[in-house]
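Here the structure is laid out as structure tokens; the discussion comes afterwards.
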Amino acid sequence: MTVNSKIDLHGIITPLVTPLLSNNELDERGLGKLINHVLVGGVNGIFILGTTGEFSRLKSKVKEDIIKTTCRIVKKRVPVLVGITDTSMHESIRLAEIAYNESANAVVLAPPYYYSVDQAELLNYYKQISETIELPLFLYNIPARTNINIDVSTVVEASKLPGIVGVKDSSGDLFYFHKLKYALRDNPDFMVFVGPEEIMAPTVLFGASGGVNGGANIFPELFVKLYNAAKSKDFETIYKLQDVVTRISGSLYQVGKNSPNYIKILKSVLSQMDICDEHMAEPFIPFTQEEQIKIENYLNEIKHFDFRQNV
Amino acid sequence: MTVNSKIDLHGIITPLVTPLLSNNELDERGLGKLINHVLVGGVNGIFILGTTGEFSRLKSKVKEDIIKTTCRIVKKRVPVLVGITDTSMHESIRLAEIAYNESANAVVLAPPYYYSVDQAELLNYYKQISETIELPLFLYNIPARTNINIDVSTVVEASKLPGIVGVKDSSGDLFYFHKLKYALRDNPDFMVFVGPEEIMAPTVLFGASGGVNGGANIFPELFVKLYNAAKSKDFETIYKLQDVVTRISGSLYQVGKNSPNYIKILKSVLSQMDICDEHMAEPFIPFTQEEQIKIENYLNEIKHFDFRQNV
Amino acid sequence: MTVNSKIDLHGIITPLVTPLLSNNELDERGLGKLINHVLVGGVNGIFILGTTGEFSRLKSKVKEDIIKTTCRIVKKRVPVLVGITDTSMHESIRLAEIAYNESANAVVLAPPYYYSVDQAELLNYYKQISETIELPLFLYNIPARTNINIDVSTVVEASKLPGIVGVKDSSGDLFYFHKLKYALRDNPDFMVFVGPEEIMAPTVLFGASGGVNGGANIFPELFVKLYNAAKSKDFETIYKLQDVVTRISGSLYQVGKNSPNYIKILKSVLSQMDICDEHMAEPFIPFTQEEQIKIENYLNEIKHFDFRQNV
Amino acid sequence: MTVNSKIDLHGIITPLVTPLLSNNELDERGLGKLINHVLVGGVNGIFILGTTGEFSRLKSKVKEDIIKTTCRIVKKRVPVLVGITDTSMHESIRLAEIAYNESANAVVLAPPYYYSVDQAELLNYYKQISETIELPLFLYNIPARTNINIDVSTVVEASKLPGIVGVKDSSGDLFYFHKLKYALRDNPDFMVFVGPEEIMAPTVLFGASGGVNGGANIFPELFVKLYNAAKSKDFETIYKLQDVVTRISGSLYQVGKNSPNYIKILKSVLSQMDICDEHMAEPFIPFTQEEQIKIENYLNEIKHFDFRQNV
């Protein structure tokens, strides 16, 4: 592998939702507006084809389109990370090639799902892929979806491989985070990003490189400001903004009931913000009117905090 | 949808392993030998691209190859069922089209995995797909892999849709099976096949249409004879053969430790039988020599039962 | 240990609910009526202080009362089994002594819960207790409540200890049952009773000694007849009665939502049958009127099957 | 209820292990030495009969002994909290009465386990008990052992009841902690203590009242110093000591394999420190020599950090 460029990331990376037209094709115009929205909000990077991006439900063509269009629109203003997770190793490598050709900055890869794997197979898998592809690679730990946790010792072994530069941990497990940071204490360049926005600040205080937070699709400034406050240990601001994050999590994100629901809520809010359509990849059942009103109401409550100006 | 042919299935369907060359391409010669082996063993149908077939790890091209080659080799001697499960609805429909063009007899579809879905979304999903494709469709319940159980009520609703003709239940949950059979009591044509070979006979005694049993890759006669015994309530034979099945499950299938391990064991045995190579789709770590010897020894013990002649 | 008597059990054992007065004392009159009800129904044994008997919620005094009163009322007409499960080994042994003094026939012991134990500790535990007490002992496997499964190999080891005569398996896992029966094939005297009534007949067909079925509190004849049918492989009757059992499980037992709910439903039905009060040990919230009406309606539907006369 | 005294707790509370003689009676001498050890270490309170205290495995008499002996030895130097968790409400109330009579300062109560309960039953349960007893009550959330999580909304409702003064949360779930603190923002007097020592500092930074940390049996100063550092946001010290905590958790606590193992390790270390015997309540299998050596080695490594002097 020839890593085509060093990558030094930190701060808030938005795991972009994938704006879709009702015919399930990429909504390029919506994508442009969304990228503009998060860049204006100050985020430090963009992650496409992650879980929030509905990657597994998109057809090949849409995956290619989103890589190309995003890289073209972002124009190197911030790093672009591309999710290449797939059940087939062949497809992951194919996506990494496209990402490389479009000059994306890194790829992000969760364990192959559906079948279970053990840690030895997993390490071998990461080794094989990192040796084949041309971009820096982030491990992606998301056991709730893949049914496997990447053990701390597997991350440590992988961190010694050339081309593997960091991990995105969406486990939400603070014990895991602290064990990981301790085990990686002699390798401070290896990046640890945390997924769930509710624990971004608590982990940045203990050395996380930043957050890959879905909420940064709709409220990018909130997360950027909270990250900066955590970075500088400004606890007055941390307390104020963490409360907003907790409130969003406990109200807005509770509408409806399933896990991709979270993505549906983000898209519903973005649609209310007139940024992109709320359409999801199939299978998709839209929110009821009652649910939509709830979302609107919670949104209004959250806006009262007005984190844009006051902090 | 125009169902291109009625399908009346019963008995033992072999969920075929996918013979692979070491370059991950389809091993056509091995596939031919395997199909011959199971047809000589008397099985009533063949199911390709199921969980045992490593479907999710295969690249598109291999999936197409196995559909075409299998249909060509089987030449309508028994029905061919094609797994079309995928995380992307688009890909599932594409596979169904190929299956239709190759004159397969039915398709088998598990819930879309990775993201969670609720029962309403699931029913909607099956409805949309069954309306789009041209072959009879079997629901495929395998919660250990997809993280969702297809509720009895969802199966009942789906059973009323034209084109949905049965369910393959790999939950291993006997409570579910009895509830399902009771709920479907007014629709005796709707087929219920059970996945785990350990409970094939117990469910056939209570009205299951048959078994889709991985062990029928290596010991097709065993399962055919056990099915026939259960069908005719010949308990002397049932007891004798069920003991063999239990022994296989408790010895041979315990070598190694992961779930696709089961497939690895089947392929290892087939390789010892000189039917096809043991190569698996990536990520794949071969058995250690110690594990291979264990498999060999267990295999020898099982052969002593000699279910081929004695029953 | 001196086992005070051989015990040869088979058939339907009712895991008795514990009739309680509203002050949480034992309802002796209700207990008498309940025992009479199940004995008239033909059951082959009575099991007190099991999970259905709310054992862990009862105070010491009530536990002693129910042992004494039951043994006195039953007067050796059928064997009485006494649950001695407790988190404290000391208390289990104390209960076994009382059972022995009251001339009960056997004791039943689940793993100590709250803290986890491993299989070696578990085997040691059963060994220590069986060596200390004077009555034959049944293992009691109920992983949903104790969070530990008694491994097949642990049961086999325990079956070799003097004084351990059988196992009550409430796992509902048919794979486990078949593995257990196979592993115990050289020890046919070791009894295997199955807890969940939905799989009593399917397991008796494969050699279970009988069922310890909660539904035999309210419909003792149903289970006795189904057991006899399974024993004699009278499939016409099996199919008819298994459908009733499935219907009860899918309707009556679905009212409300928690697991001791099942006990609450049994007590509610017994109260409607004027056998004993519906009062439960604390914490207890009675059914709403709506729920009670549902129970009544389901009960009426079930009675239409009239399994008492027709079979 | 008449709360006999206000209680204002904060800082490190040691959940005391229960020193036992080999005949399972209380080791009073060991208890005295252990209390002295943790008080010299500077802890702010003592919690007896918690999970770390093996409460559920102790016989009644030992429970009474430990309440009496602890209160007598501590002599009001720090508050004494008494665990009254039991499957029987009657027993919980009895223990609360003893605690009150011995002038303990508060009681701590987890949900009744074995049977599942819903949140309404749980709230009702806490209400009934708090109305009956005479001491301030802490809720005790430990879902890994009780199989039920006390919902944030249930804690909020309970916090409005007189006599319920705080919660000990051993879930280890940081999302839960932040939701809880946010939901209780108008009731700052309601105390939130966190169980797992690995997340004591991270939660104290966000407003936790302190930690109830098992490790404070063996290294009381470590936790007292870390608490003080977190309280004063002295991050240099936090980072240094959090690393020690992470190291203890990742080495010492990994010896052996079960959950009460953690307690076994604490007792083994205390035995090496010549404070009390390593004997556990039954079922108990001692560490192998190999495991004991591992513990010794890990202990030596940890001592090199020498957190007593350097911070």
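We just call them A, B, C and D in the order they show up, numbering each chain from 1.
The rule is short, and it goes like this: a contact is a pair of C-beta atoms (placed from the backbone, for glycine too) under 8 Å apart; a residue touches a chain by one contact, two chains touch by 3 or more.
All values derive from a computational prediction rather than experimental measurement.
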| item | value |
| --- | --- |
| Centroid distance [mean C-alpha coordinates] between subunit D and subunit C, Å | 36 |
| Computed distance of Cα centres, subunit C from subunit A, in Å | 51 |
| Chain contact graph, described as a line, ring, star, complete graph or other shape | ring |
| Pairs of chains found to touch, sorted by chain label | A-B, A-D, B-C, C-D |
| Touching residues (chain side subunit D, partner subunit A) in the complex | 172, 174-175, 178-179, 181-183, 185, 196, 198-199, 202, 205-206, 233, 235, 239, 242-243, 246-247, 249-250 |
| Touching residues (chain side subunit B, partner subunit A) in the complex | 24, 51, 54, 56-59, 87-91, 112-118, 120-122, 124-125, 128, 145-147, 257-260, 281-285 |
